[in-house]
């Protein structure tokens, strides 16, 4: 058919086939492709990252910082590349970083990690399901050996299992090193499931490799409780005067606003009780070659804060589903690897550092916006509205 | 301080200041910036979209399609530009589009729209709050006039209001035309709130411009019920043989898998009961200059499907929170506007068409993956795992 | 068949048929029925409340109080009858009432009411559904007239409507006076639906009288937001010294515990963020002839508290789904009406007073338990554990 | 004070003090107490179940059945005592039991049990919290020994632990034998916590015996996933003709209704996706001396059903939070123990049998109502509405 997008079975990343596709698009759609066709590198580097490649999106990157992070893995002042098309976002995060610097830095802690694939095992009835559940727990070591035989990196940590009706919903939880690991876990889990299918002595009717309990690219209670990717906490105690000087708000006002926002989030059944973690994460994910669809999971988090007895502000965020890689996926693409290198986060052994930076970044954005949305009672102006007037597209 | 990122109060988007920032980054971080500095256009076009600009992310764009959409606003075969770094995604969506074409197209319907700002009004006690709630409902027309005086486009549709304790949580719901509208609604709502503050005859203690009930960049029950952005449904009836031939699965098997997945999503309290809407949406949002942080909201949706009496498959998705603009925001950036133009979706009067394409795209990806995750019982292979082996980074 | 429970089509509440059933049970089960057969009144009064009646459960009732309520409808000191089999519950609520009395009473406010029936209307596709939604909103007055023609009491307040796929999920929200109203709303809504079926000019495929969106006898986000039964708030400011003297806890400690508990409830996706509202409600519902299955809804609520600037404690609970009647249902049964009369809450015009008492009761129980669960750091004892040792079944 | 309810420190369950309280109530409230004062037994048996006892609620009990249960623990035809004041409920459950009998019985399976107390451990920061979490998991055996030293029955199965901010939220999960076990678990967990406080080598700031993660008397995602009390599944395959003859509905219509209801429950974020499990559970809990406030938890469940290839209906319910005792609590009260004995469920070793009966009962009620809410298209009547007209209080 004439509407078929040109492809080459020989080399689908050559200049020739790309040019053909560009020509095809121009003819079919009438669009000019003056800018989206201008990538600065050999298109073959994109093999494995995309199909039917014909161009690139050029997304502006700005720099915020430095962000002072006291992590287990990141103990540095970092200039954070943020790619976004939303005016004021970067300026807002930048302001939060100043507060963090003046407070001596944000402390970050990675407390857990697990990437899932979540097969569901299906039986004739609940008793068969229950019996399998017992067997599954008793044979964890054997299954683990099978799953890990497929990967040099992945480690099977746990097989969560939840019984309902004639089914056992599971989550195979892996440590995946410096890769995000979704594909690694698919392969390992598939191998383990096939082994189970052959070796389970009871009656197993069927299984599906994903029963949707991995809750991939979506928020869920099970992700919040058990995690997906890395669970990272960023926390900081902001001296009273630093808070007032920079953000014109007191610790008590912050706590008050927090209580109202949290009540609101509880009532609306929101995926987080803070303001806008997705903004900072999306900008960092995009700049560094992460899968931005994971914002679907990563926006889920909790905030906790209170005025201390000394009159300062303790502020913290726990992100249970940070999914970031320093290796594999999109991290080797040219602009993406440059941004990773800017932060010393490219390649093996850097994923945890990257996750800690992400968590610190989220705190910067929250501090800034929490203060900005307040009304200035003297001038009866609102900084949040004003900032968009000044910096954003509304001009 | 020496670590201060260079800025120019005169023109922060000039070649000079950008070069200074590039130099600063190289010195501070030691990173090479060979590719991320290569944008193909005058950086001044990025003013209003970002601060501290120094480069661009180049993200691969491929093309999928054509996607045959029978919408109210989109009645066309569309070649869909998708920007992603995740191998196999585009191929998977492309396959779904073939199923859609062979089924005569996907039908799309926009049934509601509303963009929010959500002030909370705070009182001394519950009775004062209740009295305000009554007044608010009775004075909607006056408040609407105030809010709309700030915008030529935005229309205030409704003020949702929810009472708890000494507070009234509201959502000011606007129609925002072809813009996403978050800033327009902030300004209009701020103006309305200030008017309320002055004119409410009762006792109002305070208000906060956002009480977090807008649930921006997060999922929530209130978004699912009342919407945020556009509520779009895409639906299709796939002839039995088309399904079997293309996806090697029967309508009854699809329905069976759907029931299990939906039960799983209910148990895990997931933001959707389907597979991966965030993937397609993120790729399209990125290519077309949308705010990708909105994936935080837009991944929320419901799927519904069943085998029909005639043995075919009825399949549908309702996305209550599609947030897309054809005008403003990032839509005028060079590569982004080219991608919009490819689909005839650039500029005024095109936002609904764009939303319909997005919903159709989601269906394409769901159909493909729903089938792929199944086990081929004869060969005992799993296409999903295999595809990542063949196309993805695992090679 | 010999295992058929004896019934009489003539009079199923006569002493004779009841004796036959008692005899039947004794023979079939071997159980003695020495106490459950001893009801103190003519069994015919139970007609309409139960079928196959053969005895009564005798559930202990104690008295707590007085509860000092400053309501719109209840402005009294009330002795509250509580029926329970759980030791320590009543003593705990009683202690909370003392705190309330010493603080000048609990203030209660009813801010909304609505009892639902929730038909779902089903169409061939999303566009037909959307068109119906528009028609439904435009024809509210006509539909209201139809629904209200079936009842002298019920008033149709609103028809909430939510579009998904080819369906419109609705909630017909009624004011139901002094009755709980579930049956009244079923009948009225059925009548309205039949009228719609005949008079809707478009294409309506089918409807189901309940599409489960009434979320009856379960908790839900839609109940929390839109209410079911009455939305009642109870609030109180407890002077610092009253709190310390009675509960050995400071306002700041209370607020601290509240923040932790609320975070916990947010993480666990709980139906409330307080301790045990179901206890007090169940005891009061049971004593006063309410449907105790409504604890399924009524346990849902929010708590909000903070230490005030003056060092006192502001404490409040909003219960969005209090379902209580002073008329109809079980309220005329002999012991039940006596308990209602004890509080001046029997018969017409008393339902709101009863709801206010219920909300005040919940606050009493929360105050007491919130303090009891704390550790006494000096003695390293825990009052909660101790109370069960002293008063409960553990002795 | 004159408003003080009379109490006796000597014997608060004597006839004298009870008479004084009755007299006090009559004087204070003007109410007659003709029926609520008539209990048929020595009030001293109520010691440990209630304080300030002065009377009893007489709640009608009817009988439904027989319910044919094929359980692991219950393999019998049971006549089920149901205490309720809601007309039509018992008749509806009775009808469902007929369907169950004609289908050969309902199969029940207990797959898990755990009763919780949920201390939260509080630290100075996230790293201290993380370190404690590791220690906690490594020292499970020691902690288990401490907890179990306080009880001859309770067994500590697991300590769930969830990290957020500077806190570790835990759930100590116990097997509690034939008692519901809330108090047993409080005592055991308190003892364990005090041991931890003394023996943890790191820095533990504080702990609260309940951090609200037990989610007691409320629904929650963590209860749904991990259970509270017993997790019980009841399932049945109903022959096509049995379904049609008894309920005038086909398996395909049932499945259709199920899919719509489940979608509705997902959208509304309901605590279950079925119709009214709380009704049957409340009636059984009340008759048998259970804590009816536990309806707050027990209403949470999932339903799953589908038309089989043979044209029959597979129907099942999994209840993750059935909380029932055959021993302790209210089970020894006179009418309550009689009802337990009717079912052979009184005393030690009977709790699981009782849970299985409860689950079978829920299925009976669901089958009946699922069919009743449908419209009879020929007569255009609705059985649900009609039943309340015939049997309920609306006459």
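Some notes on this structure:
Per-chain numbering from 1; labels A, B, C and D assigned in written order.
Assume a contact is a pair of C-beta atoms (placed from the backbone, for glycine too) under 8 Å apart; a residue touches a chain by one contact, two chains touch by 3 or more.
Here the structure is a predicted model, which means the values were calculated and not measured.
Counting C-beta pairs in contact, the pair that comes out ahead of the other among B-D and C-D is C-D.
Of the chain pairs listed in A-B, A-C or A-D, the one whose interface repeats that of B-C (more than half of its contact pairs identical by residue number) is A-D. Taking each chain's centre as the average of its CA atoms, chain B and chain D sit 41 Å apart. The distance from the centre of chain C to the centre of chain D, each centre being the mean of the chain's C-alpha atoms, comes to 17 Å. Shared interface positions of chain D, i.e. residues touching 2 or more other chains, are given as 162, 164-165, 221-222, 225, 263, 265, 267-269, 273, 302, 304. On the side of chain C, the complex with chain B involves touching residues 72, 107, 109, 111-112, 125-127, 129-130, 133, 162-166, 221-222, 225, 231, 233, 235, 269, 302, 304, 316, 318. Looking at the complex, you find that chain C touches chain A at residues 221, 224-225, 256, 259, 262-263, 265-269, 273, 302, 304, 306.
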